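Chain IDs A, B, C and D follow the sequence of writing; residue 1 opens each chain.
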Amino acid sequence: MNPVNYLYLAALLFTVGAAGVLIRRNAIVLFMCIELMLNACNLAFVTFSRMHGNLDGQVIAFFTMVVAAAEVVIGLAIIVTIFRSRHSASVDDSGLLKL
Amino acid sequence: MENLIGLLVLAPLLGAAVLLCGGRRLDRAGHWVGTLLAAVSFVIGVVLFAYLLGRSGDDRELGVTVFSWVPVGGFRADVGFQLDQLSMTFVLLITGVGSLIHLYSVGYMAHDERRRRFFGYLNLFLAAMLLLVLADNYLLLYVGWEGVGLASFLLIGFWQHKPSAATAAKKAFLVNRVGDMGLSIAIMLMFTTFGTFAFGPVLGGADGAGEGRLTAIGLMLLLAACGKSAQVPLQSWLGDAMEGPTPVSALIHAATMVTAGVYLIVRSGAIFEGAPDAQTAVVTVGAVTLLFGAIVGCAKDDIKKALAGSTMSQIGYMILAAGLGPVGYVFAIMHLVTHGFFKAGLFLGAGSVMHAMDDEVDMRHYGGLRTYMPITFVTFGLGYLAIIGFPGLSGFFSKDKIIEAAFAKGGTEGWILGGAALLGAAITAYYMTRVMLMTFFGEKRWQPAPSPAEPGAEPAAAHGAGELPHPHEAPRTMTVPMIVLAVGSVFAGGLFTVNNAFVKWLEPVTGHEEGHSPVSALTVTAATMAVLVVGVALAWAQYGRRPVPVTAPRGSLLTRAARRDLLQDDFNHVVLVRGGEHLTRSLVYVDHTVVDGVVNGTAASVGGLSGRMRKLQNGYARSYAVSMFGGAAVLIAATLLMRAV
Amino acid sequence: MSHAASVHSLWTLAADAPKKIPGPHIEYAQLAPVLIVLGAALLGVLVEAFLPRRARYHAQVLLTVVGLAAAFASVVALAVGGYAHDKAHVAAMGAVAVDGPALFLQGTVLLVGLVAVFTFAERRLDPAVQGRPVDSFAAQAGAVPGGDAEQRAVMAGFVTTEVFPVLLFAIGGMLVFPAANDLLTLFVALEVFSLPLYVLCALARRQRLLSQEAAVKYFLLGAFSSAFLLFGVALLYGYAGTVTYAGIADVVSGNVQTPGPALADTMGNDALLLVGGAMVLMGLLFKVGAVPFHMWTPDVYQGAPTPVTGFMAAATKVAAFGALLRLLYVVLPGMRWDWRPVMWGVAIVTMLVGAIVAVTQTDVKRLLAYSSIAHAGFILAGVIAVSPAGVSSVLFYLAAYSFVTLGAFAVVTLVRDAGGEATHLSKWAGLGRRSPLVAAVFAVFLLAFAGIPLTSGFAGKFAVFKAAAQGGAAPLVIIGVLSSAIAAFFYIRVIVLMFFSEPKADGPTVAVPSPVTSVAIALGVIVTVVLGVAPQYFLDLAGQAAVFAR
Amino acid sequence: MSFPLLTLTAAVPALGAVATAAVPAARRTAAKWTALAFSLATLVLAAVQLVRFAPGAKGPFQLTESHAWIKDFGVRYELGVDGIAVALIALTAVLVPFVILAGWHDADPLETKSSRWRPTQGFFALILMVEAMVLIAFEATDVFLFYIFFEAMLIPMYFLIGGFGDRAGEHGEAETAAQRSYAAVKFLLYNLAGGLIMLAAVIGLYAVTAHQLGAGTFSLQEITQARADGRLEFATTTERALFLGFFFAFAVKAPLWPLHTWLPNAMGEATAPVAVLITAVVDKVGTFAMLRFCLQLFPEASKWATPAILVLSLVSILYGALLAVGQRDIKRLIAYASISHFGFIILGIFAMTTQGQSGATLYMVNHGISTAALMLVAGFLISRRGSRLIADYGGVQKVAPVLAGTFLVSGLATLSLPGLAPFVSEFLVLVGTFTRHPVIGGIATLGIVLAALYVLVLYQRTMTGPVREQVRRMPDLRARELAVVAPLIALLLFLGVYPKPLTKIVNPAVEHTMSQVHKTDPRPDVPVKAPVTAHDVEAAK
């Protein structure tokens, strides 16, 4: 299969993730959408790696995964804390800071 | 000898400085200090006069440059004096009449607690007036010119607690400023044209300049003269100026300052001679004013205002004569001097009457005073005869010459001017007779004194309110000057005419030509006599035969208009004052709403924009994300677009 | 080509006899600043684990200060050793640059960090609990605000001393960020300094709901933007077949002599380059707070604990602008005709929006946030100059700005009422009457923000605008000047409020700080004035540091 | 390196500011005396400058100092004075002690609210601070150095306007404070906006010099020299843009219509001494800078802009005067009068004749003195009655003749009565304008009528007429107040009668400026044989 198709898929996944961030309310879901975007990036990296015939992209994918994992740790911690204070995971409920 | 010229100015200036800065310590002797310094000035003047007489006719010009005043580039203004026959004439008039009036004021202002200051102002006036006539360039003349304006302002408004006096003072200064504007533009024109504004070079080089330029300078000088000499259209301040103490009216607003315009025009003869159009304007102004003033003088019941109208009118004669060129210069000055005597005398007489009548100025409340104050009556009467041109008295000689010269202008113009001058003489006779009759003849129409004036007002009313006045002759300090001036009024004209002395005296400076009148001199004199008789008779018919009503009758349309200065003040009020008020008020509005509004509006619109943009920051993380996403899209699109372009 | 290349050969030549795995060549000495900071951070974690609670505060503060000071000393040593110019090169097998801009910015970040530690360590502002002084951070971050657990934690006098190692981690990331010489390092460094900041934001002792909300917003948007950045990295990688800056630059400028078939294919596809470049840019612009990626700034600045805000506002900007400069000057100079107009637009919008929206702010921290947005716009004007003068001006501006910012936020921590810091502007009315000194100091900072001559703000502004004008961006200068005028309005408004308004009866008091905060504020004032009156030395420094190693 | 007299002149008030601010809170009187002593020391140094300044010496600037400062920006610490600067430095140094003396009680706290609140020390320290900055601005021959202090002086000025005002009148404390703070903000924003636009032009100047000379420079001498050598040439549009940038800032400061609206607010709300500081000292920096920087740096653009500027200044003259007539507030009236006067100054500068520019310089000095006198007397009057409204006065002359007298003399100076200093300068400006632009000069002459109107109306309404009840117990001028006013009036008289000491130092500087602009005075149409004047006689000696 033409590797370019994987790129299209990556772009699509990225867009889906981004759209999810824009339209979903639940912080967890939102965060998952961001993860989806990161994974889209990974797919792109791997595809390009294949196209160029070097391994840089694949190595980067691993780094991305680690970073994503770290983000999950921090992110979930923060989201859980705020859920405990507000009993809601909706990002729209946190609107104290504005204007 | 030259250094004495500076001293002439310095003496009264010193007096002013000492009296104004000296403080209360000088209250007791201040008036004598002032009078003494005025007299010193007069003595110096006489010494100089004698010195000049000792020299030959063409060599009577003294000049001295004191110091370089404002040197900037080609602009060289010096403080320098020039004493020639013309200035000398003025010096003697100013210091002479000035000293007399100082003396008079000692008595007149005896009860005023601010007498020291009054004398300070008078001395200041003398200094400024002397500077005016002694300056050897137009800029220094301008200093004196405004200086007398300042003194006039201070003295008109001397009784500042009276709002009318303060207003009159302000008005005088303002109207004069309009004239001053003319003088400064004239000086600027001279500088642009000749590169200097000293008398010698400017007047000497006047033939080199184009007629247009000279006309412009001439018209601007005329504007200046109109302001200072109360000529139409800038005459309106003089009537109000009578708010000042009477000695002031006599000195400044009759004898000296108001004649400065005549001096200016005569002095600048060379310019006017190169500008016939400007001359025409001058004679027109003179003729109009002499009638205007005379008509106003007929209607006024206030003795000082009637005399003020007369002053205007007489100066109109002088301006008319000055506008006629070399034919008239000498007579303008001659009339100026004789007028100085008799008008000052008349004012002092009026002051004496007011002094006696508890500051009453309405002639309708006078009557029959001749027996109560004989000296005043006699001196006033002599002044009266002089002004109406009674044969043999000074006014006769000087006025007659002017009327003659006016006819000598020739052509239609000559007839019109001569006719106007003749008509003016008739009216003069009429209104002066009216003043005379209402004041000194007829039955007593005295009224109880008005409620007491403010404390420290004009010579404090000796009696309480509600009492009839007890007229009495004035003290010696007042009568002596009146007598001296009366003597002058009687003999000056004759003295000047003997052997053509005055003409010969002034000719080297002003030049002189004999006029060629279409009518003979004798005819003119006869006509003058005729109109004089008519005028006196009319007045007698109206005010001598019949009792004078205590309250003024409504009068004809012309009378009513004349009482209101021929509506000129109303015109000023509507057009200038109201218009000005509207203008300033709308400008204040514009400044606040438009000019400032634009700025505040900008600030407000930034604020409004800020408020609206702030709403975008709505606190929702997802809308922030939308902004980021959109931003990224724009960023990408723009980058791609840049490449495409 | 770097470590990735060696991995590649390992993979394809697997059939050959296994050779010794070549160890990477790392110049540890040249990376010392980063290593020291990260080492100190790890030690800090150990301290948390092993030291008794009571000893932790002093140990942590000491450790952090020493670590930062040592790191700074090593930066100075490197600079003195010539790494700022002659010996500037790319170290760690192409991953990290050791050159003038990197060292200058690292030095700045370290100093900022050091001063920030002082404000972090302040324990006199909040009333002591049970005789034990407390700082600005939550007693127990995990406890529900207002809940029992929190009550207990507070009564027990818990303090979150973890902030110090967390801060050190963030500083570590920030040290690498402007020095990163390949996109992967860039991304990792970004995450390394961002993640600790997310945590720090959530740790306020007072107004914890706001703090948590700020953290969650910062986190979500930060992650969102780093996803964009990462995708951009992927596209650039796809375009150039490498992630090293030098490699990409070569491809962009067409310097590759014999491109392979795949590279030749992707090289022809400018869309990859342009879109990828734009997305990486966007990631960085998010961090510097440029419009339209700025919207997190006011919320986060307001919600975060004020010492954190001060640190974040100063240090993040320094690091992010450093990275932006390196990206634009090293990687993308070949396509400057593409990005300059776009950046023009961003700079203009940033200056104007920052200045305009700030006009109606009512909270001092939000006000400073918008002001920081406007300043980002000014700095962008210098970035756009694309000249050594531009680089040096940006470096100077960043140094000047960060100390003003730190000082200003430090003053904000002092103005307090019963509810903690009194950040609403109405409460600042008449402060000048009550505490002339504090108000005067804050006024100095505001005047520096406004760019009044004889303050560092003016020198910085002049430097960047000068560079922009010389780079032919006169309109940018004019717009910059106009927005400065608008900005002046709200700085002045605060001064008016402090000095010319009557103090309110229930107004806040100014707490007397311990020497640490005083030192921080005093340093801010000194730097502000010195850089304003005699900036030449520092301009020289920035000027010498203005050349990037490639 | 010679003795740094110029630096010292500016440093003394700066040190004075520090010293005054350091006086303990309770010892207010000591602070006042400290400030006065330092301002007098500055006056002495300014006098030394006058003595050391040689009017005929070669070179545009004297007493120069030059040190490297910010190399990267091409900025040098370059000081130097020409005749114009020396005159204005003298003016500043003369006025400040009077300002301090006049404001002796202006900053006394109503009650000691807090031991840390020290308004008195602050007030006098700020005044000295302004003086120091103004002096440096007059002395700077480096554009950037000038700019820095041109801008920086706004800050102390701002605090002086906003922090200290007249005692609240009928309106009450809160509204007065609000108006004052509005005025201060307006002052600052206007001037800051002007200054920032100038900043853009300053940067542009750097860019041009850096591009053409290799290294950017702000040195006035270096730039004019480079232009003369042909090493530096501005493109027409560049020069015009830069000129406009500079001019805008100066026109705000001066202020020129329609950028004037901050002045009435500022002068109205500030205390009289501060208002004097604004209009007589700080604003002069604007007109001074037009003469020194606009004309010398951008001669061609100056000529290009002349018609528009002349018209604007003409509008200023008439508009300011008319608005002065329409004011109901004494201090605002004086402010609008100042706007009119600044119109004259700018008219003179851009008339491009020696008379115009010398006149403008003299005007700056004379207007400084006359407005100071008028404003300070007005301030004394206002402090007695607690109202700025003209309508609240009447008949003061009767109860306080000395106050009224000094008020009148100051007013007469304001309306340029001959014999008082402003007349000389006003006439020179008018003549200078008239020789080149007769129509504009002629219309500007209307200004003298309007000046008489607003001054006399003010005098009439406040000083004359029946004595108002509230005025009846008004004391006359006290010794301290007389000590402020009398020397000023003496100075007005002296410079009116004998302005030569001033023209002697100003003329060479103006001729230098004219040569920079490549302009010569128009020749008279009919040159008559030049009379030998006293000037020639004295020059021959």
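Everything that follows uses one rule, which is that contacts are C-beta pairs under 8 Å (C-beta built on N, C-alpha and C of every residue); 3 or more make two chains touch, one makes a residue touch a chain.
Being a predicted model, the structure only gives us computed values, none of them experimental.
Between the contact lists of chain B and chain C, the overlap consists of A, D. Summarising the inter-chain layout, the chain whose CA centre lies farthest from the centre of chain A is B.
Of all chains shown, D has the CA centroid lying nearest to the centroid of every protein CA atom.
More inter-chain C-beta contacts link the pair B-D than the other of B-D and A-B. One inter-chain figure worth recording: chain B and chain D are separated by 37 Å, centre to centre, where each centre is the mean of the chain's CA atoms.
The mean-CA centres of chain A and chain D are about 65 angstrom from one another, to the nearest whole unit. Distance between chain centres (mean CA atoms), chain A to chain B: 96 Å.
Taking each chain's centre as the mean of its C-alpha atoms, chain A lies 24 Å from chain C. Each of the following residues of chain A touches two or more other chains: 18, 21, 30, 91, 94-99.
Among the residues of chain C, those in touch with two or more other chains are 216-217, 220, 224, 228, 298-299, 489. Residue positions 603, 614, 617, 619, 621, 625 of chain B each touch two or more of the other chains. Chain pairs recorded as touching, per the definition above, are A-B, A-C, B-C, B-D, C-D.
Considering their complex, residues 4-5, 7-8, 11, 141-142, 144-145, 184, 187-188, 191, 195, 198-199, 202, 208-210, 212-217, 219-220, 223-224, 227-228, 230-231, 233-235, 237-238, 241-243, 260, 262-263, 265-266, 298-299, 302-303, 366 of chain C touch chain A. Per the touch definition, chain D reaches chain B in the complex via residues 189-190, 257-258, 260-261, 319, 322-323, 325-327, 353-355, 358-359, 395, 397-398, 405, 412, 417-419, 423-424, 427-428, 430-432, 434-435, 438, 441-442, 445-446, 448-449, 452-453, 456-457, 459-460, 463-467, 497-500, 503, 507, 510-511, 521-531, 533-538. Considering their complex, residues 7, 10, 14, 17-18, 21, 27, 30-31, 34, 37-38, 40-41, 44-45, 47-48, 51-57, 59-60, 63-64, 67, 70-71, 74-75, 77-79, 81-82, 84-86, 91, 94-99 of chain A touch chain C.
For chain B in complex with chain D, the touching residues are 20, 65-76, 78-80, 139, 142-143, 145-147, 150, 153, 157, 160-163, 165-167, 169-170, 173-174, 177-178, 180-181, 184-185, 187-189, 191-196, 198, 200-202, 204-205, 208-210, 213, 454, 580, 583-585, 587-588, 591, 595-596, 598-599, 603.
Those residues of chain D lying in contact with chain C across their complex are 68-73, 113-114, 116-118, 147-149, 151-152, 154-155, 158-159, 162-163, 173-174, 177, 180-181, 184-185, 188-189, 192-193, 196-197, 199-200, 203-204, 206-207, 210-211, 216.
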